[in-house]
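The two complexes that follow have subunit A in common; it is paired with subunit B in the first and with subunit C in the second.
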Partner chain A sequence: MWRFIIRRIIWSIPVILLLMLTVFSMMRALPGGPFDFEGDKSLAKAVTDNLERRHHLDWSEPWQFVSYVLGDDVAGAVCESVSSIPGCDKVLDGYKAGVSKGVIRGDLGMAMRQRGRTINDIIGESFPVSLQLGLMAIAFGLLTGVPLGTIAALKQNTAIDYAASFFAVLGLSVPSLVLGPVLIWIFALKLGWFPVSTWGAQPPFFLGFIPTPTKAFFMHAALPVTALGLALTASIARLTRASLLQVIGEDYIRTARAKGLPQATLIVRHALRNSLIPVVTILGPLTAAVVTGSFVTEFVFGIPGMGKHFITSINNRDYSMISGVTLVYALLLVIANMIVDIVYAWLDPRIKFD
Partner chain B sequence: MRSLLHHRLAVSSIVFIIILALIAILAGVINPFALQGYGDVLAATNQAPFAKQTLQDNYARPMTESKNPDLQGFVYYAGADNLGRDILTRTIYGARISLSVALVAALVSLIIGIAYGLTSGYLGGRTDEIMMRFVDFLYGLPIVIVVILMQVYFKAVARRGDASGLVGMILGVNAALGGMLFVFIAIGALNWIGMARIARGQTLSYKQKEFVEAARATGSGSRRILFSHLMPNILGPCIVQETLQIPGYILLEAFLSFIGLGVDAPTPSWGIMINEGFQALRSAPHIILVPAAALSLTVLAFNFLGDGLRDAFDPRQRGV
Partner chain C sequence: MKSKWILIALVAMAAMLFSACAPAAQPAPGEAAAPAEAAGPVTLDTVFSTEPPSLDPSLGSDTQSVWAVRQMFMGLTGFNEDAEVVPALATEWSASEDGLTWTYTMRNDVHWVKRDAATGEFEDLGPVTAGDVVFAVGRTLDPLEASPYASMLYMIEGAEEFNAADPAAENFEELRAALGVTALDDTTVEFKLKKPTGYFPAITGLWITFPQYAPAVEEHAERWTEPGNIVTNGPYTLETWQHGAYMRYVKNPLWIDADNVQIEVIQGPIIESESTAMSMYEANEIDMMADPGWGPPLPDMDRIKADAALSEELFIAPRTCTYYYGFVNAKPPFDNPLVRKAFAAAIDRQSLIDNLLKGEQVPAHSFVSPGNFGNAAGDMDIAPWMVMENYADQLAQAREWIAEAGYPDGEGLNILLMYNTSEAHAQVAQAVQAMWSEAFPRATVSVENQEWQVYLNTLLPDAPLEEKPHVYRLGWCADFPDAANWLIGVYRSNSDQNYAMFNSPEFDALVDEADSISDPDRREELYKQAEQILVDEVTAIAPIYYYTYVRLYKPWMTNIVISPVTGDPIHEWTIDVAAKAAARQ
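This part shows the complex of A and B:
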């Protein structure tokens, strides 16, 4: 088991590194840099040069990447010892004024467009909000989807089943960019039950991400969580129904029923546990769907989360911000997939990792 | 009963999609401007129906008449948006984008995926292992983030507009398609991974069958076995799987357009229209209504179609 986890971690390192390199080079290949302003907003050449030097944008790109991943001092130390490597003159010129300790030591660098703020600071502020939204949406999906799928399977081929299945396809077909505005229009503008936008909790959070459960928090969260979670409800319900139907047909369920177990025990203890295994496997892809959905949901509901920063930083060419946010998303998805695999093994004793 | 219900839903979905496709293809002839007899007016001003702005009519409510003297008597059945453009016309033209994305992204992903999976499965051994390792590797990438970055890159290069040669030609094609080319590339080129896995699995199972052995024994070459024996067998399941992915492609295009990274304005994509409608949700809620309904219904139809096809071709999965 531990060997499996360690192997998964090692396997995910090249994926994350390649992603960082892709993001890094793509952003720098774009026309226009973070300090290019036009017209009245344009900066003096000396100011731009100074800002670029501060962020090492005058270095050659491989060295910028080394500095970003390993830190300024590492790049400097390498160049001090072997100064014949191409691009080293600039590194020797500027590394002492540098600020980056490198991603490897947990420093995501300075924001280029929000002066004086570190990426760690900005992400530390916005990531918990996104995490709260995402976790609540997944919880919403599980708490509504599993019961819905179970009921549909137990009442197979009745009106309840058809209604549940139809609702599930409907939930899959109405994306959050339609559902969000519709929910706002009905429940916030017409009925006035919920606030239209923003988020009901502010840092500091307990353990870094758990907010104080006030009424305002839940009122603010109700609509965005529904908009984001309904698609999850739908796919979880479909999968639960299908897999429960399959499990109910197995021999061991017939045996359990023959020995006189009550229906409730049979379903909950014997059938549901095994039928949830496929449900667990799609939680990995669903996390990715939540991340995508959160861009839209955060935009529609004006939630100060990381998705908002991702979109604005792309348009601002804030290199360090884009890299930082992408890294956090990639780590999130890798960790989610790993947790899914581990829970999978725990639920299904037949699976052994070697 | 159940399969019949599914069947009916699938059939009605096909009918819906065909009608939608006809509307999209004939959009130039059957848009409200042409139907109400204002085609000549638009032709005289040299404006596309979906881009016709009438500032007297901005935020016009549904079923109201135009205040523009040139368009006297023209009825906005679904209202007009913030620039006074007819929403119904734009929704009709928007179907072109969504349906082309569905078709082209599915084809690109199908062709690359089958070619890759077939090669990997047929060659087997070390090649297979390396090719599948690469697929595993790509599987670990957060696709949506990569698509967003690719879109940002394409759009920035296109905006610079000084490219020549091959790049210039590609940009020209893209401009002619209203910015759709890059959406096709971004979506199709990154979604073949799942298809490659399915195609490889199918190839592996058919490779062991007697008919392949028989074909080899009678002296068929690799090319003949691949294209005349393996391909026809794996094509069916692959197409069914691909149909199930189509709703995802349509939604991804709408998502990209919604956040401003999809097709270029003024090309009407449902995602852009939903964004515009959302901006005016409080004052003019009718703007979002028609494109949102069109998007949801189209995705619903493709979902039912995919389910119906899967039920028909793979009875074991029935009712999943």
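This part shows the complex of A and C:
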């Protein structure tokens, strides 16, 4: 297994580098830069130049990428030794300012739209919150979705099945942009059970992401977790049901029945376990997506998570921010997929690592 | 089977989340999210509509940052409710005969304070001096600081040269030393200007000139605006800043007028959804829907006006911004003034306000909004045909002009109207499209939208003409409340904001003269003439409405003072604490 993990990690390095290069060049291909305008107003040429110089945007793009990935000092050292490389004049002018240590040394760069803040700071504050919300939503989705799908499959074509399927379709088709405000209206404004918005936990967190489980924390989390989790419940329930129906028809289930296993053991140990492979498959990428923040849920409930950075950084042309959050997302995706593959082998012994 | 029951794993995962963290419970610092109850300090609960990009006076440029800077810092001059320049740190100021040298005399009893983050105690760091103003102005203009608003100070001698200099250049330090701002003694600042600037006292009311405490800036560099590092001289100071999540400002007990400041705490979460903020307002979690948070959302306006309680809480005040449609003057057929006039006349402004905007905005017939020195909004000699009593008359006039221009009923016109992507702008654009189609039935009017950064690049004066629309949407808000900021800043022929590509030597001459003198009456007269050319004679643009502040304040907000420039003086506000506590039970 360890060989498998190491091989996967090595393979993911070129993938991530390619992804960084793609994001980097696509953002710069968009018309407009981060410092062309301030609100409604265009900036004086000298002012834009000053701002761009701060972020090395006056360098040629290959050098900007070198600085972003490897650091200013590496770019500077290369140019010091071979100054005839195109674009080196600008690098030699500016590299001593030491803007970037390079992603390779864990520096995701300076935010372009927030003064004096680094992307590491911003992700460090917002990611734990998104992670808390996301993990709880996934737990919610699994704890409700798997039982719901199982019941629907076992009672196939009964009223219970139809009710569960109806609920699943509803959960999938009502967007959280609608569900969120509806939950707020009913449970916060009309019933007054929960606060309208905001997140109930502040850093520092235990192990970097586990909040103190106060009453306020759960009261604040209840509505957003429900809003985000219900869509997950729906997809998980539908997948569980379809997959379980297929498995129940298999020969080995008939064999198990024939040897007189009780129904509960049969379903849980034999059928359900095998039917969870498709659920686990989607769970990997789904987890990566959910824990890096849901833009809509966080927006509606005023949660200071990471989701908004994926959207606003593109509109703001905040190059370092979009690169940073995409990198975090990609890393999580790689890790999640690796875990999924490991869980496959555990769920179904026929699957081997090689 | 050696493996565990899968559901146990699932339950364990949930259990880990919901309870395993319990033993790790530690006293969480800053358990401040729960709003303080009545027994605590007098608190203004609000939301903040976004994380302020910077709290550094030299670097702020957006509403949120400027609001915060004005609560925490005090500049040489300030603005009163009518947007007139009033004394603040400076008690008096005067210009030399030639208008090139301005001397400000400062009071000496305003002190720098620093709040200790651990103990909560306020430390007095001595009086604010002229040197602090000189330091701040120099910092704003330093190209290494890259202040976005630096160009507002280019009238100061040596400012543009210094700001545009390459920091690697040899004469860089000489340029810094040559800046035309000096401290003559501890309480006297002198500015030397490149050209006489009648509105200069308004410039010293801009946040980018507010004094800064050099040792704090030098010690903490970019982190000097964090709680515990920041040194301020205004009515409030920063206590907590959880980036992206929550902010809390507290009263500065050492401030000159601290005895008369009732509100001791301004606090709230950062909420980026206006409808969520509205829900919080209705749940009595916050006291207002106003800066630095959100105004009431447009879809709620009808409900607010119909609701007995909410309509009482509605507060509408003029705001120094204008919403307008610009014509690309160089692009046929809009190179013909008659076409521009016809299209400017065929907009039923009152109907837009009544049916779409609903915030009691005022139909506009001039560019500079009310509340700015030199505005012509009250002068009905300027483009009265844009705001006629009876829209039918206006429409008839528009039809006459379009026929006169050679396009009867709009025959042969194919017009593109562009706006930046936003639901509100889309609604206005569609309504105007309908009005134009009604007025000129044979013309084809199409609307298109572009995302903001792309949009502004399309409009830049030197962008290719064929990619530009005929008509574009924009708004302008005053940086400082003087017509110079509007007429020179936007529509002088060499301005890089001159998206209309309006070019009139006569207009340039008028605004240049107004720029160079300080006689208020004469300046006002010149601005009116300039406005007459821009909007009425040449009709480079079609102003649509002057903005209003639409806000909601809870009935326990007993005294509200609004500033037409960003940053209401919250230290002058009062709250009926008992009423607030009762409502929140």
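The criterion applied here is as follows: the second predicted complex is superposed on the first by the 316 of 354 C-alpha atoms of A that agree within 3 Å, B and C clash if a C-alpha of one lies under 4 Å from a C-alpha of the other, contacts with A are read in each partner's own complex, and residues count from 1 in each chain.
Definition applied: contacts are C-beta pairs under 8 Å (C-beta built on N, C-alpha and C of every residue); 3 or more make two chains touch, one makes a residue touch a chain.
The model shown is predicted, which means the values in this text are computed figures rather than measured ones.
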On the A-aligned overlay, A:Leu154 touches which partner chain: subunit B = first, subunit C = second, or both, or neither? neither
Between subunit B and subunit C, whom does A:Ile282 touch in the aligned arrangement: first, second, both, or neither? neither
Determine, under the contact definition given at the top, whether A:Met338 touches first (subunit B), second (subunit C), both, or neither. neither
After lining up the shared chain so the two structures overlap, which partner does A:Leu17 touch, if you call subunit B first and subunit C second: first, second, both or neither? neither
With both complexes superposed on chain A, which partner does A:Leu30 reach: first (subunit B), second (subunit C), both or neither? both
Contacts of A:Ala256 with subunit B and subunit C, given as first, second, both or neither: neither
For the overlaid complexes, name the partner, subunit B or subunit C, with more touching residues on subunit A. C
Touched partner set for A:Val300, first subunit B, second subunit C, both or neither: both
Quick check for you: in the superposed arrangement, does A:Trp185 touch first (subunit B), second (subunit C), both or neither? both
Which partner chains sit in contact with A:Val174 here, subunit B, subunit C, both or neither? Use first/second/both/neither. first
Which parts of subunit A are touched by subunit B and by subunit C alike? 30-32, 181, 184-185, 189, 299-300
For subunit A, which residues count as touching subunit C in their complex? 30-32, 35-47, 49-51, 53-54, 93, 113-117, 121-122, 125-126, 129, 135-136, 139, 142-143, 146, 181, 184-185, 188-189, 192, 195-204, 206-207, 210-214, 216, 220, 268-269, 272-273, 276, 299-302, 304, 308, 315, 317, 346-347
Residue ranges of subunit C touching subunit A (in the complex, touch as defined): 1, 3, 5-7, 10-11, 13-14, 17-22, 24-26, 28-34, 47, 51, 53-54, 56, 59, 61-62, 143-151, 154, 160, 163-164, 167-168, 221-223, 225, 242-246, 269-273, 275-277, 279-280, 282-283, 285, 451-454, 456-457, 460, 474-477, 496-497
In the complex with subunit B, residue positions of subunit A that touch it: 11-12, 14-15, 18-19, 22-23, 26-27, 29-32, 157, 162, 169-170, 172-175, 177-178, 180-182, 184-185, 189, 238-239, 241-242, 245, 288, 291-292, 295-296, 299-300, 310-311, 314, 322, 326, 329-330, 333-334, 337
Please output the residues of subunit B touching subunit A within their complex, sorted ascending. 1-2, 5, 137, 140-146, 148-150, 152-153, 156-157, 159-160, 247, 251, 254-255, 258-259, 271, 274-275, 277-278, 281-282, 285, 288, 292, 295-297, 299-300, 303-304, 307, 317, 319-320
